[in-house]
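What follows is a set of structures to go through.
Common to both upcoming complexes is subunit A, partnered first by subunit B, then by subunit C.
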Partner chain A sequence: MARSPLRIFFATGSWAILAFLVLPILVVIPVSLTDTAFIGLPKDHLSLQHFDTFLHSPKWLWATWTSVWIGAIVAAASTALGTAFCIGCWFLSDRAAMIARWVMIVPILVPPVVQSLGFYKFWVTLGLIDTHFGVILAHTLLALPYVTISVFAALTNLDRRIPQAARNLGAPLGMAIRTVILPSIRPGMFTGAIFAFIVSFDEIVGVLFITVRQVETLPKMIWEGIQESIDPVIAAVATILVLMTLLVTAATVARSYMSSKPKLT
Partner chain B sequence: MNEKLHYWMLALPALAVMIVFYIWPVLNIWGISVTEPSTGLDNYTRMFDSNAVRVSFVLTFRIAAVTTIMCLLLGYVLAYTISNFATRVTPLMLGLVLLPFWVSVLVRSFAWIVLLGRSGLVNDALIDTGLITSPIRIMHNELGVLIAMVHVMLPFAVLPMLTNMRGIDDSYVKAARGLGASEWRAFREVYFPQTLPGVFSGGLLVFVLSLGFYITPALLGGGRVMMISEYITYQIQEFLNWGLGAALSVALLVATALVLLVAGRFVNLRKTFLERG
Partner chain C sequence: MPDPILSVRKAVKTYGAFHALNDVDLDIREGEFLTLLGPSGSGKTTLLSVIAGFTPLTSGSVHARGGDISRLPPEKRGFAMVFQGYALFPTMTVAENVAYPLRVRQWKRQDISDRVAECLDLVQMAQFADRMPSQLSGGQQQRIALARSLSFKPDILLLDEPLSALDKKLRADLQWELKALHDRLGVTFVYVTHDQEEALSMSDRIVILNDGQIQQQGAPDDLYNWPRTEFVASFLGKSNFINSVVLKGADGTLKAQAGGHEFPIEDHNGTAVSGETCLALRPERIRLGAPGAEMFEGRVRQISYLGERCQVLVDHAEFGEILVSHPTWHVDIRPEPHLNVSFGWERGACVPLLSA
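== the complex of A and B ==
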């Protein structure tokens, strides 16, 4: 292949930019292995003490578990609500449905601090401050835009004549949805659910506003850890999260190499 | 007609929840801003008279603008390489772009604190190599905030540009080359104009998200680089000044809406927000 200056510029530039994107994240790994009691590179030897602290701290473990189960409920709730919404709008396909779709993505556009202030005031009136249900409700609202975007993307690829054929053959609406539409948009629902889980699992600003002491999530623990004292245990937690992401990314990349068609998104 | 009712019954639960528990509370912020601590527009007069507020708004727009430009420049190079040079490493490159996207903003900000802090790895390395004798300040200032913000926002700029570039037919560039244009000229005059929709999309996304960004500026700025979101929480947490906080929130919302309104003339908002992949 011809090596033109333009090509060389773009290719080298890209690797430099990718290094800027990825390498800073990886620094949490050596730092988590430090043998000191403060954030820094290991001094004399590598140590797993900070992972040990994490694994033996009821507070950290409990917060992790809370984030996981809240994320799971949020994923289920927002995927169910969002999928029903998208199917309804897809059938309607009129101006009103278009406006409804815009309403559903408003949480992407509103600044996190502004929406959290709104949540706080309303949650006080509802008595939902510092409750798990309050967090689940807030996170479900924040996850809904991502679910509707990915489910609707799956629906646009669906041929309208297929559910119509099922209807013409006598299937009631519910049956047509269950047996024809849902199976064909499953990948979109799956992507939406993953997005919803991640949105909830990582969400911090809302939680800071609407919880006090009863509800501790993992991001809240990390946030407080960074604010109060920079304890290397945060580096251990960060390393665990980064390694999990690395594994999933590596698996996805490997799969796209295996299936010879290099396309990820 | 009966059919239509069924469809609305599917759409309604999510829509109702969104309107009652999200749209309504957000609109209600306006109510707080004109009732606390006393009824009237006092909070707004205070806001417009305050020098600190003006400084914070200017800072917010400046940081958002610089972040957007940097993300577009760096993102363009990445998106171009990934979509135009099909080689063995293309899937790997795409994976590396998406990797930071899935790591939480909190963890990424923490990584930057570890790197850029007073006794962070960058300062340590510079002192060890003898380039400097005492730590330099790369965090708790605008530079630190900008570096971390570009890092967080970059994937948001790359993805829309990538979608756009993948849809570009390469026969136009080939035709230009065939007619004798240099590679650079074909890029500048034929390829680049076709990528503008993606550039605008990515730029708008990054700009809007940056305007309201809280976590990274709050952590990397150390109270010295107060973007408007942090200013709002500061007013509420330190002074319990809900009224002014609410008025500032309304101002930030209006600013965001204006940006979208103006951008709507150049950018396909539907493609940018509703139909992003």
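== the complex of A and C ==
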């Protein structure tokens, strides 16, 4: 195939953009292997000492664990609430339901700083400042729009006659939802839950506004670490997160590849 | 007549200013194959949905077994429905789909598996029990939907255009099968369709709806032979319409004057009134003959050959265009374009219609 200059130009451009997207993420890997005590590339040899520090620091481990369990609760809570909301809207399918869905998206549109300020003012009144519950509540509110988008997308593909068929065959409404609707939209709920977990795990602005000393999440630790020192352990944490993301992505891709292959019957 | 298994009384359903159902009264007899026939927007699907309990009436009521069930939710009515597009549960296997109504009714495990096997046999789908619905063809999904709705032994089976998504050949096969199934099971079928051939071939009784109102109901041959209105005459089969003047003789016999001739007509429906009346005339009841052989003279304009018959358009000076369905064998005359012909019909072929 002839390689026209235009083709070469676009190919190079694409690779350059791809590199620009990926390299800043991957640069943490060599930095995390540094043998120095500050953030920079390895000087004399590669070292795992900063991974060692991370794995033996109660402070870091505790913050990681806090982020994981808060993320898990947020994922569960926002998926449950978001799914209930979506099924209700789907059944109504009127003007009010459409408006409600738009209102639900608003948290994505509002700048995080503005929202966090709101949380701060409100959480002070409620006495939720610097509590785990306060963080879970804030994160659930932030994650809900993502869940509703993903679950509603799954619902729009569902034939309206399917719950009707279930009821016609003798299932009361609640049973029809449990046995017929939920299994059909499970992929959408799963995606929503993953998004919710990531939103919570990654969230920093709100946490900085509404926590003081009691609640330490991983993003907050990283941010504080950068503030007070230039400890390469941050790079080690980042490397672990990048590797975990790659693993999960690879597993997901492999799974969808396997299920897309025709089954032998 | 025995008590109806289901009655609809003065049913009205409005969506804003639109009347989907406008004062519908309907009795369904136990064990019959009843077809609701009408063009789209006629209210036939709304009526089925009202019976199933998905659509609340604006006014009026639905009665079954002597009680008013208008406010009963769909799951408590016990009527099974076969949906357009089948609405099989995509996350369940064929066997799980058929078992669903039994599981909901908390049947014993063994009873469920026996009944599922029985129902899959009934529709000849036993070998597909472990497939997912998405792995089946349209016709197969249709059979599973049927098995699922019959599995809990409902009194009434509601079918919403169940064959409309299938190709013509398969549709014809399934029409025979549905009819045979109805005869075998004795379950009351309420069948919604817009396809008049389907309605004619399967039903014990047809109810023709238009604009949310019942136009006429009766046995297929009664409706076909004796339409009361221009709508029924043209929707159920094809008709020619002839403007005539009807005269009542001293002995009660009726005569119609049209095209410069006078011929006897029969008034089966009691619709004839003296004076200007529109007559409906089926294309296949018109005889074609050589010029002079029949009552009216015309000229062939166009022919469409259909195999066992051909459709002939004949121009007549007064009636305008007359459609004739003419056999292609055992006939005295082979029509060709621009041929002069004569045409006529026997007594009873012309049906007087209600004046609009």
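Note that the second predicted complex is superposed on the first by the 240 of 265 C-alpha atoms of A that agree within 3 Å, B and C clash if a C-alpha of one lies under 4 Å from a C-alpha of the other, contacts with A are read in each partner's own complex, and residues count from 1 in each chain.
The definition used in the following text is that a contact is a pair of C-beta atoms (placed from the backbone, for glycine too) under 8 Å apart; a residue touches a chain by one contact, two chains touch by 3 or more.
Fair warning: this is a prediction, and the values are worked out from it, not measured in the lab.
Trainee: So if we stack both complexes on subunit A, do subunit B and subunit C clash, or do they fit?
Mentor: Aligned on subunit A, subunit B and subunit C fit with no clash.
Trainee: Answer with first, second, both or neither: which of subunit B and subunit C does A:Gly170 touch in the superposed model?
Mentor: After superposing on A, A:Gly170 lies in contact with subunit C but is clear of subunit B.
Trainee: Would you check which partner chain A:Arg161 touches, where first means subunit B only, second means subunit C only, and both and neither mean what they say?
Mentor: Touch partner of A:Arg161: subunit C, not subunit B.
Trainee: Determine, under the contact definition given at the top, whether A:Ser184 touches first (subunit B), second (subunit C), both, or neither.
Mentor: second
Trainee: Students often get this wrong, so check: with C-alpha centres, what angle lies at subunit A between subunit B and subunit C, to the nearest 10 degrees?
Mentor: 90
Trainee: Between subunit B and subunit C, pick out the one touching the greater number of residues of subunit A.
Mentor: Result: the larger residue contact count on subunit A belongs to B.
Trainee: Counting only touches as set out at the top, which of subunit B and subunit C does A:Thr66 meet: first, second, both, neither?
Mentor: neither
Trainee: A:Pro107 contacts which: subunit B (first), subunit C (second), both, neither?
Mentor: In the superposition, A:Pro107 touches subunit B alone.
Trainee: Shortest C-alpha to C-alpha distance from subunit B to subunit C once the two structures are superposed, in angstrom?
Mentor: Between subunit B and subunit C, the shortest C-alpha distance works out to 9 Å.
Trainee: Which subunit A residues are contacted by subunit C in one complex and by subunit B in the other?
Mentor: On subunit A, the residues that contact subunit B in one structure and subunit C in the other are 173, 265.
Trainee: Going by the contact rule at the top, pick out the subunit C residues touching subunit A in the complex.
Mentor: 52-54, 73-75, 78-81, 83-85, 87-92, 100-101, 104-105, 131, 135, 148-149, 152
Trainee: Quick check on the complex: what are the subunit A residues that touch subunit B?
Mentor: 4, 6-7, 10-11, 13-14, 17-18, 20-22, 24-25, 27-28, 31, 39-41, 81-82, 84-85, 87-89, 91-92, 97, 100-115, 117-119, 121-122, 137, 140-141, 144, 148-149, 152-153, 156, 173, 198, 201-202, 204-205, 219, 222-223, 226, 230, 234-235, 238, 241-242, 245-246, 248-250, 252-253, 256-257, 262-265
Trainee: Which residues, counting only subunit A, touch subunit C once they are in their complex?
Mentor: Residue list for subunit A touching subunit C: 159, 161-162, 164-173, 175-176, 179-180, 183-184, 186, 265.
Trainee: Note which residues of subunit B are touching subunit A in the complex, please.
Mentor: So the residues of subunit B in touch with subunit A come to 3-4, 6-15, 17-19, 21-26, 28-29, 32, 74, 77-78, 80-82, 84-86, 90-100, 102-115, 117, 119, 121, 124, 151, 154-155, 159, 162-163, 183-184, 187, 208, 211-215, 219, 229-230, 232-233, 236, 245-246, 249, 252-253, 256, 260, 273-277.
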